[in-house]
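Multiple structures follow.
In what follows, subunit A forms one complex with subunit B and a second complex with subunit C.
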Partner chain A sequence: MSFAMTSAPAKFVFGKPENPRRTVWFLLGPCIAYLIVFSIYPLFHSLRLSFTDLTAAGGTGNWIGLKNYADLLVDPLFWNAARNSAIMVTLAVALQVVLGVALAMFFNLHLRGSWIVRGILLLPMLIPPIVVGVMWRALLNPDWGLVDWIISRFGLTPPDWLGSVDMAIVTLVLVDSWQWTPFVFIIVFARLQALPQDVFEAANVDGAGSWVTFRRITLPMLMPAIVFASVFRAVDAFRSFDLIYGLSYGGPARGTTTLSFFAFQNGFQFQNYGYAAAVAYSMLIILAGGTTVILRYVHIRGPGQ
Partner chain B sequence: MDDNDQSESSRKSLAANRRDVLRAMAALGLTTGVLGRYGVSAAFGADFDWKKFAGTKLSLLMTGDENDHRALADLMPQFEAETGMTLEVTSPALGALIEKTLQLLQAAQSSFELIEFLGFLTTQQVGAGYYEQLNQYIDDPALTAPDWEIGDFLPPAMSNVGYFDMATKTVGKGKDIYGIPGMHSGSVIYFYRKDLFDAAGLKPATTWDEFKAAAEKLNSADVAGCSFIGANDFSLATVDWYTRFITTGGKLMSGSPQTKDFKPNVNSPEGIGALQMLIDVLPYAPKNVTKYGFAENVDGFSTGKIAQMVFWSTIAGPIFNTENSMVADKTGTGPVPAAPGQTPRAIQGGWGMGIPKNADPAKKQAAWLALTWLTSKAFNKYEVDKYQIDASRTSTFNDPELVAKFPYLPDSLKAASTADVIPTSHIPEFFQLNDAMNVEFNAALLGTQDAKTACDKVQAAWEAILKKAGHMA
Partner chain C sequence: MKFKPGRAVAYLALILIGLLGIAPFVYLAVLSTKKRIEITAQVPPALTFNWTQIAKNYTEVLFGQGMLSFTINSLIVVGAATAIAIVIGTPAAYAFSRLRFKNSGSLASTILSMRFMPPIAVAIPLFLMVKTAGLSDTYFGLILPYVAFSLPLVVWIMIGFFDEVPREIDEAAMIDGGTHFVILWRIMLPIVRPGLLTAALFGALFIWNEFLVALYVINSRGLQTISLGAATLVSAQRPIDWNIAAAVGVVTVIPILIFSLFVQRYIVRGLTAGAVK
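Take a look at the complex of A and B:
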């Protein structure tokens, strides 16, 4: 520590300069206290809750062991939610990565005025997901929504965005991609800007075309950023709740009920707190397992490998 | 005292009297101005001390989805002037209200002294012991104005949100009162376009066959023959399906939770038939009716795009609002259709207001006083007059001035008086059951399954939920 600790109060608080332990605890203490109160305690409390049959009407929850988890495994609604979560994560991340990389390549051309468009492109990320959901619900309204109106002006029949079970999950993926593709773009674009140019010059000298250059040089070198963005987006998409709440409220016919929404329903609509906690912990287990697998088995190769 | 002193004394005395008179006149003028502006006359006993808790600050949690909070905002200055108390109102949407209420009721101390709860949640919230028993306040003449009259509240509304027997955990039974109907009650009535029916030579539907026939005849490119809640929405099951179900002889549950034989009859012939009736009128409903919730139907009807529907009587507000509705003077109301030989009736809706048991003890009596003000005859009349909100009191429904102004009131009163408290609201799993039903029925309306399959699925889901909860062996 470089600040002066000559006064008695300062010495009392921060300790002796040669023994910074008190200083460390003093500075880290509030942060640790915050984490304990708002993260660690709730984590363990909800774990305990998942082993009880606590409901709003029941009052005190009785210990039931792993019964909630056993019930989950045979609950078709849980598997429906898990299926929807898997579809959303897979489609959303794939679409966002493809679009994000394409946008990064496009803006790497440094066309005139692209900095303005780049700024506008980032705006969706700044909007809270619940607002995005409500906004798009209005835009996609079949009676007076702007999107259907524009489509019908071209003589086309608008799809049943939020009324068809199959289409609703696609709509959810599209809206999520509208909001979060810029995130992938930023990550990939930053990496693209930092790539060494001599590799590309050498490839050019060797006569490599643009597609070969992209496939054999650019893409592998972007892979760390792509994996990073994919993992982040996968975790986020898996946890997504407020977008679903505002856009489709889990419907129609549970077509967009993901695990996070399912947990919300059980906890806040049906007041089955024990069961909802079990759903939430099952999400944690799935996330932990999934990210471990991705990071363990996805090989990130650098240039020359 | 000489003459000058006497004269000075007299002048001072006269000046003081004049000041007193002027103060009294100012106070009278202010009060009259406040009362006159809002058109509500003071209906409280002159001998009753409304200001006994003056200076107390109270907090009220209530729904923001309907117009009650607007009526309250209008009359807040009057409330403060007459009681000397201040009332801070929080009015979120229904979903957020339920979540927040449960958190508050389970906290060490509630930050709200008054909470409005949905009638469907009476068993869940009142039954869990979260609310103060109100009999002690009702029977105390020092705390309850003489003309407040508990007996004036609609009996079905009192059964829905007021009476609760803690021993048997049964709503609507016993003598203990935990909630007061407010700020509105209500049921479901039939709305129809008088002009369209007259032009087509039709009479308002009294049976479901007539309803369907009228829908077919009146259906056009500009106006749908009928509408209903077709989305995965709370009211799909409770309004459109349930009304058709009970008016065709259906009985939703047999047995009781207490005897653990609470068995559903969703896939009975009446249950399947009620859903089939909705499927049968799909061709005469708006194109996107399977996505229609509360707001879409109200908007559709008030903009003249729907010829008839059964709906919560509370929508009379926007429908008969001459400023916003295109059909205010073209709309007629009546009892819901019913099968021949059946009584037209629908589900009992409405809200109750109570004092959380964990509220600040020092403020509970003040909270009760505020509650009586908010559920008074004067306030109820104002709500109906200004916003056409469903009344909670029999006297309000029968008020000659209101009836002359709003001809739908007798239909609303009849509906509210004969309304059916849906049996599943007696158990905490009500919303879970409702959700299971809405999902399958919405899927049937979308065409992904037929009515029988949907009802069979709901029956199975309900039995699983009821068995898990211990209401069914």
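Take a look at the complex of A and C:
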């Protein structure tokens, strides 16, 4: 890698010129070297592992070429996990975007005291996902949980939140949304506050109703922020496994085993390092697509613009 | 002022949203004060508090289950890792913000993309590296990988803060003959001090919640971090004592609540790091 300096000419300190290339290296070198050793190298090591049958039992594992990947493609558990990941990410992002935008519009009314509630909404994002999982496992307990008690007060039958295979993934989406809808809200709200007001005044003068104004003016202008928040959320939901660890441990009947939880189970519980690495790499391939999209948006526009 | 029904509904909604956000925490805190049998017997839990029971639960969690020493372990590991990440990451962020060099854009993007890396993709190799270095089951064995986890976040938060400092300030210093090192140390660092705080606290939060690498690296109970300890105590894998689990949750959350008081103004910036142009 070579660095071509185009900034200010060399300066003199203690009679010595500051070498611009060396300056860059001094400032940047430690960070890059560190990441190469502790992030890039492990990533490549992981790729190598995915071509071996290494287990926790030890040794260096045998080179088995693409066998792990071939096994993955016919492993129903892998496809089950892929399906769960797809469902979870899609539903979570969709729900969080709808609710996040709704919240942003609602807080745009600037009710007195709403800043307190905005502050409260920041808290869930700071809590370790595993604690969020445990907390909701208590709230949703079928025998004594508060949520079921409230629902039955209204004479309704609460769903079997974490007990049924089909419901559990919905519950996972709902809990993830409790924690992360505020993230979408905050990004969209920041953008909303920064929008020029004259457009809305013009729309008002032209007699546009509030729904038309929202649909035709507000929403398109919020789009960059919405896209940005969705991509962040999609990636984080895709790679999250600690919420599942606390909430459902992948169950019941693997109903909430997503790809990242599947990789975790293979790597830690079953100690199949090679296979786990192959799962992780298939996740990275999916993520690479996502990251490309992210970088495109991060470069063109931030959410507050 | 005239009473408007629409206004009343809006305020009702506001209160409900606030409740939805805070009630789960309150519920967890209430559960943590109960006897085990009270949790299943009283639905919803009564808001009467028995101080001896509270003391008993928390003594059990802090000392019996070791959450106090887990917290201290976490403070040591996270503190050291964050300090190293700040020392390494801040100059890098300065370089990205102020110097022009080839590939600076793609290099910065590569560093950002590491924030999105699934931990499972690197956990096993990191564990094998730590083991080879003879560092498994030590603080250092966790600190080394954790620096790498918080570095991308630190770099991105700091780039944002450096970018906000008007260029006239360092250009003036340049004309006076300052080098980049002098400018960074004498002029920029004092200006971006809130940024350093934000980067440190969010870098710390990122690894405070981490437990996958810790699962691999740490074997002895005495060296567990707070999230690893919490994970083993409250895993959905097996039945648990709910009063104890709730107290574990409260103990895990309290340091974070204290932390959030310090960075109230910057929480949004920290959460959306990377959201720079």
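Heads up, the rule we're going with is that the second predicted complex is superposed on the first by the 270 of 305 C-alpha atoms of A that agree within 3 Å, B and C clash if a C-alpha of one lies under 4 Å from a C-alpha of the other, contacts with A are read in each partner's own complex, and residues count from 1 in each chain.
The criterion applied here is as follows: a contact is a pair of C-beta atoms (placed from the backbone, for glycine too) under 8 Å apart; a residue touches a chain by one contact, two chains touch by 3 or more.
Please read these numbers as outputs of a predicted model, since none were measured by experiment.
K.L.:
Go through the superposed model and pick first if A:187 touches only subunit B, second if only subunit C, both, or neither.
P.N.:
A:187 sits against subunit C, while subunit B stays out of touch.
K.L.:
After superposition on the shared chain, which partner residues are touched by A:215: those of subunit B (first), subunit C (second), both, or neither?
P.N.:
neither
K.L.:
Check whether A:252 is in contact with subunit B, with subunit C, with both or with neither, and answer first, second, both or neither.
P.N.:
First partner only.
K.L.:
Classify the contacts of A:268 with the two partner chains as first (subunit B alone), second (subunit C alone), both, or neither.
P.N.:
Both partners, subunit B and subunit C.
K.L.:
Between subunit B and subunit C, whom does A:103 touch in the aligned arrangement: first, second, both, or neither?
P.N.:
second
K.L.:
In the superposed model, which partner reaches more residues of subunit A, subunit B or subunit C?
P.N.:
C
K.L.:
What is the contact status of A:42 with respect to subunit B (first) and subunit C (second): first, second, both, or neither?
P.N.:
Only subunit C is touched by A:42; subunit B is not.
K.L.:
Check the residue A:143 against both partner chains and state whether it touches subunit B (first), subunit C (second), both, or neither.
P.N.:
Once the two structures are laid over each other on A, A:143 reaches both partners.
K.L.:
A:130 contacts which: subunit B (first), subunit C (second), both, neither?
P.N.:
second
K.L.:
Quick one: is A:164 in contact with subunit B, with subunit C, with both, or with neither? Answer first, second, both or neither.
P.N.:
first
K.L.:
Which subunit A residues lie in the overlap of the subunit B contact set and the subunit C contact set?
P.N.:
Residues 143, 249, 251, 268 of subunit A touch both subunit B and subunit C.
K.L.:
Could you pull out which subunit C residues touch subunit A in their complex?
P.N.:
The contact residues of subunit C facing subunit A are 10-11, 13-14, 17-18, 20-25, 27-28, 31, 39-40, 43-44, 88-89, 91-92, 94-96, 98-103, 105, 107, 109, 111-114, 116-126, 128-129, 144-145, 147-148, 151-152, 155, 171, 174, 177-182, 184, 205, 208-209, 211-212, 215-216, 227, 230-231, 234-237, 242, 245-246, 248-249, 252-253, 256-257, 259-260, 264, 267-268, 271-272, 274-277.
K.L.:
Once bound in the complex, which stretches of subunit B touch subunit A?
P.N.:
Against subunit A, the touching part of subunit B is residues 95, 98-99, 102, 106, 123-124, 127-129, 231-232, 286-288, 290-291, 296, 428-429, 431-432, 435, 439-440, 442-443, 446, 448.
K.L.:
Could you list, by residue number, the parts of subunit A that touch subunit B in their complex?
P.N.:
55-57, 59, 142-143, 162-165, 249-254, 265, 268-272
K.L.:
Which residues of subunit A touch subunit C once you look at their complex with the stated criterion?
P.N.:
So the residues of subunit A touching subunit C come out as 1-8, 11-13, 18, 20-21, 23-24, 26-28, 30-32, 34-35, 37-39, 41-43, 45-46, 49, 103, 106, 109, 111, 113-114, 116-117, 119-131, 133-139, 143-144, 146, 149, 178, 182-183, 186-187, 190, 228, 232, 235-236, 238-239, 241-242, 245-249, 251, 260, 263-264, 267-268, 273, 276-277, 279-281, 283-284, 287, 290-291, 294-295, 298-299, 301-305.
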